[in-house]
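Below you will find the structure I want to go over with you.
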Amino acid sequence: MAFVGKKFPNIAVNAMNEMGDTFKLNVLEEAKKNNKKVLLFWYPKDFTFVCPTELHAFQEALSEFEKRDTIVIGASCDTAEVHFAWLNTEKDNGGIEGVTYPLLADSNRNLANVLGILDLTNETFDEETNTYLYEGDNVTYRATYLIDEEGTVFHESINHMPLGRNVNEYLRLIDAYTHVQKNGEVCPANWEEGKTA
Amino acid sequence: MAFVGKKFPNIAVNAMNEMGDTFKLNVLEEAKKNNKKVLLFWYPKDFTFVCPTELHAFQEALSEFEKRDTIVIGASCDTAEVHFAWLNTEKDNGGIEGVTYPLLADSNRNLANVLGILDLTNETFDEETNTYLYEGDNVTYRATYLIDEEGTVFHESINHMPLGRNVNEYLRLIDAYTHVQKNGEVCPANWEEGKTA
Amino acid sequence: MAFVGKKFPNIAVNAMNEMGDTFKLNVLEEAKKNNKKVLLFWYPKDFTFVCPTELHAFQEALSEFEKRDTIVIGASCDTAEVHFAWLNTEKDNGGIEGVTYPLLADSNRNLANVLGILDLTNETFDEETNTYLYEGDNVTYRATYLIDEEGTVFHESINHMPLGRNVNEYLRLIDAYTHVQKNGEVCPANWEEGKTA
Amino acid sequence: MAFVGKKFPNIAVNAMNEMGDTFKLNVLEEAKKNNKKVLLFWYPKDFTFVCPTELHAFQEALSEFEKRDTIVIGASCDTAEVHFAWLNTEKDNGGIEGVTYPLLADSNRNLANVLGILDLTNETFDEETNTYLYEGDNVTYRATYLIDEEGTVFHESINHMPLGRNVNEYLRLIDAYTHVQKNGEVCPANWEEGKTA
Amino acid sequence: MAFVGKKFPNIAVNAMNEMGDTFKLNVLEEAKKNNKKVLLFWYPKDFTFVCPTELHAFQEALSEFEKRDTIVIGASCDTAEVHFAWLNTEKDNGGIEGVTYPLLADSNRNLANVLGILDLTNETFDEETNTYLYEGDNVTYRATYLIDEEGTVFHESINHMPLGRNVNEYLRLIDAYTHVQKNGEVCPANWEEGKTA
Amino acid sequence: MAFVGKKFPNIAVNAMNEMGDTFKLNVLEEAKKNNKKVLLFWYPKDFTFVCPTELHAFQEALSEFEKRDTIVIGASCDTAEVHFAWLNTEKDNGGIEGVTYPLLADSNRNLANVLGILDLTNETFDEETNTYLYEGDNVTYRATYLIDEEGTVFHESINHMPLGRNVNEYLRLIDAYTHVQKNGEVCPANWEEGKTA
Amino acid sequence: MAFVGKKFPNIAVNAMNEMGDTFKLNVLEEAKKNNKKVLLFWYPKDFTFVCPTELHAFQEALSEFEKRDTIVIGASCDTAEVHFAWLNTEKDNGGIEGVTYPLLADSNRNLANVLGILDLTNETFDEETNTYLYEGDNVTYRATYLIDEEGTVFHESINHMPLGRNVNEYLRLIDAYTHVQKNGEVCPANWEEGKTA
Amino acid sequence: MAFVGKKFPNIAVNAMNEMGDTFKLNVLEEAKKNNKKVLLFWYPKDFTFVCPTELHAFQEALSEFEKRDTIVIGASCDTAEVHFAWLNTEKDNGGIEGVTYPLLADSNRNLANVLGILDLTNETFDEETNTYLYEGDNVTYRATYLIDEEGTVFHESINHMPLGRNVNEYLRLIDAYTHVQKNGEVCPANWEEGKTA
Amino acid sequence: MAFVGKKFPNIAVNAMNEMGDTFKLNVLEEAKKNNKKVLLFWYPKDFTFVCPTELHAFQEALSEFEKRDTIVIGASCDTAEVHFAWLNTEKDNGGIEGVTYPLLADSNRNLANVLGILDLTNETFDEETNTYLYEGDNVTYRATYLIDEEGTVFHESINHMPLGRNVNEYLRLIDAYTHVQKNGEVCPANWEEGKTA
Amino acid sequence: MAFVGKKFPNIAVNAMNEMGDTFKLNVLEEAKKNNKKVLLFWYPKDFTFVCPTELHAFQEALSEFEKRDTIVIGASCDTAEVHFAWLNTEKDNGGIEGVTYPLLADSNRNLANVLGILDLTNETFDEETNTYLYEGDNVTYRATYLIDEEGTVFHESINHMPLGRNVNEYLRLIDAYTHVQKNGEVCPANWEEGKTA
């Protein structure tokens, strides 16, 4: 079920920032109260090797997002404690030290479940234990959401586990959408800021 | 419900090629029998203005996709007859003359419905006519699917109506996925062919 | 389920006129607010070859319908954009340039579904995709409705796909019904205006 | 639900011929075993005044239908006994003496119910008698079906009660359909045998 | 389900009288508003041979019923038009000319259905047409009801199709019931007016 | 639901004869195995005053029924013991001494329930006792069934509680039905053996 | 389900007394309005041989029950008319002449059904008649209830059909319960009035 | 639901004998395999004061029961351990030392539940704990069953909590039933062995 | 379902104290109204051999619990009467004389059922008796609950039947929890009062 | 629902050992195939402060468990990657470096869900997102299970979040259970190895 063209789910989730504070973060309200866009990106797990490169890439581009009045939020289903440990691990050790944007700690899967991005495959009913069992780690795919100032999703995408994201493409999409917002025009294919639409 | 990591739906759909032939096209089987990747992109409607720029952009990049053993397929819910009329309309008149890849004509919405990308919003039950009525035009969002040689989806994304797509980003994703296939490595963020991973 | 003797369904549908305006058209209200009869005819698809002859035939007879205070409306499940493209295609190229009555663009099938005139045949449940799949193009048959000034249907008919309609027969039916309305008499078989009932 | 494009219902119904014989008549099998087309027309009631003119009109055109290998069958929900009484009533007394084609006597409404052409309006549940009560006489509308040699319906129409039918229009439709069968061409609007298509 | 001891169903049915007037007749109200008894007899079909003898027999005894303040009403499922045609057919031709009591024309079976006297036997579900089909003509048995001044049924009986009724037995039953009403006594077997109870 | 034209229910019921024997009696089989007709009459209760006159009347006419190869059976919902006590009570004391035909003792109401002739009126659910309570004595109406040699019911009737039956009318009905059986003719109204049909 | 310790069901039942009056009797209210105990005993059928001895035994002990402010009530599912006939039958003829306590005539089984004491065994669904059929006579077991002044049951018992009851045991139980009521003591086994508890 | 006339439930229950052995006891099989009658009596609780008098009373009469080939079994819902403790408590201390017949320890209530003799009153659903809660101690009433050699119940009774049983009455019932078994006669009221039936 | 972190169920249960008083005890309210902690321990059955050692052990440590403002309550599903008998049995005879804390007598299993600690294993539906039968004695496991002053459970555990409990471990857990309450610190593994946390 | 006395659930779960290997571990099979006991302890989250003291305490006592042929397994709902990161974090930094027993990584909660030890409190249905939302972190309580050589649970307990466990108590329980296994005796309260039982 596509979220594009609809409001992002109105759910508050535990989050951790680089100072070690645990707090509740509601993505929809974050966009609206700050009157900013939001880029929310999910990755499968803390302490893996492909993920930190994505987190560092978003950190490096953070000023570009800020120029575009866009808040960056990372997210996984690990706990806030694990996020904090990872934030305190040096980059050379596979850590994400230096990341300053907040990270959702959706350990109860409230938001990931609504978005439908959990890899809970092959549900089977186990008669012995009278329960549904799952294959898959119950962690999220590499899903990305672009949300506008009113909380409406204007882009969503999912990459397969081993594929990293392209930060520039999200900047391009934000620019294009901003162009539409300002000029009331649609943006054709391959549109880029500064190029003639 | 994410399709990434799963097989693309096994459904044959009417299609039209530039010669005016109507034929059945099954995207999953197309990938498997040709042992190629497939890029399938949906656009809302024929004979609108943002859409042709996307169709032309994919046409211009067609040789790049072919180099990567990737089949390009366009798709909307218009009929094959309408596709043919549009294919016969000059670019200057808003047509898509010159497009050589096939176009799905999913007028019965069999495939679009399974993918969940129709803008059939606000279902209401109308007591007077004893039927469910919908707002929305019952056409698709700008959804894009990248499918590998075995029919597995490795990328899906949806752009809001007014946002055109970036053809280069899809080439990058195909390259990155091919890199993973060949080297068994994951591709970090912003990875590009030729750049050091 | 016959609509004859009942009110036409009270549903507003997207429509396109020859000026390129998209607007909402409610057939029932159109009849009542103008205190006129309505002839509504459905054809399967734009940009086919049998259909334009029907559209031109109704156009040629338009003054006859107007004399009888009867509004003519065409309808298919194509989008308004496609209607407009067809209206801008010359007759010699299979277009309907010159048609001045409005065309319903029932792309969400709200009205066609209520009327039961879609060729959605052989519904089958596909376990692989967990969805109902259909044969047939999900377009309408050649159905025709005559509606009186109060919105009551007084004739309905469906021709098989390859059979064109006879415009004069509808003029005869309108005359006969008007005769009944004026004289409170029934019209016997083969009745024609001016001939003795 | 349209019957056009589908087989006519496979149901045997009581019928009466002009000799006073009661027999079972299955319209679908009649078409197939004789390898002929069938025109089946329903009228509301025996012994009314508009109906006999229709029955006489079809009688007068019977040789035209026979030339086109088309069987004519009349039908109402009256009993065979009543049909016979009407067949024995002189034309001047409102009878149908002289009619030689068979008449269905669908008093148990098996066929009329499947076709959905009964005027059983305003079903209400009566608590006092614990039953569904109906307004309307439970007789049929003026419905007409054209069926081809394989039993497929190629035209259906319903006129409101007071409107008589036009026998020539059915001859035209039969000719047009035969033309399609022979030439594999579609018949445009207003097509008539002998006129250029 | 026995109706004896209960009110006759409160349903208005189309009826025809010997003048050719169609009107609504509610048997229950007819009894109550006239403060009279009612004998209602059903026969299967107009224009058959056993039936007219019953209708004539009730006509001949009509003055006896009137003496006993009893209204006689005949009933079948034929239409009012058919009743009128039969009323205009001479006795020698199998008609019922001369009958002056009203005839119910229960063509929608509202009343016959509540009374449970229709010969709709062997209901079978036909998968091909997705409908229930019936054997039997959907006409009534020879059922007779005696109703008192308050609308209560005090006798009901059904004869098999080929068995005519005995008019005198109904006169006897009316007398016996009147005796009970007047004297508050029960009437033993074979009781007859004037004989000692 | 009428039983006329259908087989009598195939149920064995307790019965008592004048010798005091309790035995099982299946009315349907009784008719078939003896190849005789059966007259089965129900009365409400033993030891009441109107009932014995009916039982005596049938006893007096017993030879007439036997001449017509017709078995007479009485029936109520009293027990066999009560029947026997009544059979042993003198006529002058309101008893039925002298009755020689068998009496059904349907105390478990198996047969009366299937026939639908119990006066179990006004079913109400009593919340205090969590049960359905009934008004009425749960005894039968004065119902009469005539059954032919194959077990088919050819007459059924019900008289209100205070109305005794007319034995001669049943003889007439048996004669008429026998006439139909022999001659294959229907019997018109008021038909009587020996009178011209 | 035990009734001991609960209120006796609040249901009024037809009853007959020795004067031949039919009246409604509600056992629960009888106890409460008279502020007396009640002994209610059920027997299977009137006019059998073991039953009258029980009825006579209770009659003989009636003064003992009255001394203990206890009302005796007999009960079966026979009708009031049958009870009256039995009350008028001499003891030597198997009758119960001389019985002066009232007898419930629970012919509609309202009370016996709530108490669960009917021998309706082996319910089977009979497809031929579409009804539930029962073995057993649908009469009651020999059930006995002792009810106190507030309507609470303090003893219930059921004897198999052929076993007569012991009147003295009920007197003992009443005495014991009265002892408990007066002294607030429990009564040990074999307790008897006058013996040391 | 009465058990009289039916087999006693076929359920094995824990039991304790005076030697302190815990074993399974199936009352139905006990009767059948020993070809003896069984008297089974239930009492509410061990270690109360009215109960031991009943247990002692049955012990004292044990030889009388044995003369009549009748096995005596006591029963409560206490555990076997508690029974044993009570069996080891002296009579003067409220114990049942000296009792030699077995005691059912139906702590899981399997049998008491089937018999319907538990005082689990006033079931209420407690929303706070999401469970059904009961008033009452979930112990049994003073129920007594007499079972014959084939396992059929021929007497059942329940006394209210404070009422002790009369051992002699059970001896009388056993004698009466044995008399019926031997002589095939029913036993009238107040019958006693040796007295004339 | 864990109770730790939730309120203890709010249910009043029968209890017995060493004086022989039966009273209602609600564990949750006991904690709250006394502003004390509660240790509630369940054992399977009275009058067994492992159980008394546990009851004596808690009695011996009672002053230690009192020092810690902790109420000790024992519990089983035996009746209050049985508890009293056991309390009056000398220790040397396997009794619990000397125990002064109250014992719950949860004979209706209201509380044990909510806690889910009954050994009602292997529920099977017995068709013969139309009931669910259980294996197991329907008594409780050795479950222990520690409840704080607000009624919140802070420890629960269950030992298998043959395993006695360690009273000191509960004192340690109470001390640790009290430490947490006072100092707002968590207690690490093996924490003991007086040792450095 | 207690697991004591039942088999531990037969479910394989992801696990991590100190070498960084991810493997599947089935606790039930681990016990059976090694013919050893298992101590399984759950803690809420990696990288918190109370938890490592528990993990270190079990590590320090590991040789004691090994002497008793008991396998120690830790468990939380964190991923294997997070476990590995924590295993590589020095004790002084809050890590668990030095832990050598395996850790279950039940991120899909298959096992924790069956055991019922997740703190998923206050399920509420959110209409906006059409999903169930939870309070609580969806992590486990401090639950501990002792499992014998056949996979049967002989102890289970849960401590509230802030309460650390007592490793010695588990050693005592294992010794006691082993004593029962060897000697077939039950272990009374406070039993300890070497002390007299």
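When the chains are written out, they are named A, B, C, D, E, F, G, H, I and J in that same order, and each has its own residue count from 1.
As a working rule, contacts are C-beta pairs under 8 Å (C-beta built on N, C-alpha and C of every residue); 3 or more make two chains touch, one makes a residue touch a chain.
All of these numbers come straight from a predicted model, not from anything done at the bench.
Across the two interfaces under comparison, H-I and E-F, the one joined by more C-beta contacts turns out to be E-F. Residue contact pairs shared with A-J exceed half only for one pair among D-E, E-F or C-D, and that pair is D-E. Least-squares overlay of CA atoms from subunit B onto subunit H yields a rotation of 145° to the nearest 5. Chain centres here are Cα means. That of subunit D falls 49 Å from that of subunit F. Centre-to-centre separation between subunit G and subunit H, using Cα means, comes to 24 Å. Note on chain placement: the centre of subunit F and the centre of subunit G lie 33 Å apart, centres being C-alpha means. Counting partner chains per residue, subunit F shows two or more touched chains at no residue at all. Viewed as a network of touching protein chains, the structure reduces to one closed ring of chains, two contacts apiece.
All chains join into a single ring; listed from subunit A onward through subunit J, they run A, J, I, H, G, F, E, D, C, B.
Put simply, subunit C touches subunit D in their complex at residues 1-2, 4-6, 49-50, 53-54, 56-58, 116-117, 119, 121, 141, 143, 152-169, 172-173, 176-177, 180, 185-191. Those residues of subunit H whose C-beta lies close enough to touch subunit I in the complex are 9-11, 14, 45-48, 77-79, 81-82, 84-86, 89, 107-110, 113-114, 120, 126, 128-129, 131, 133-139.
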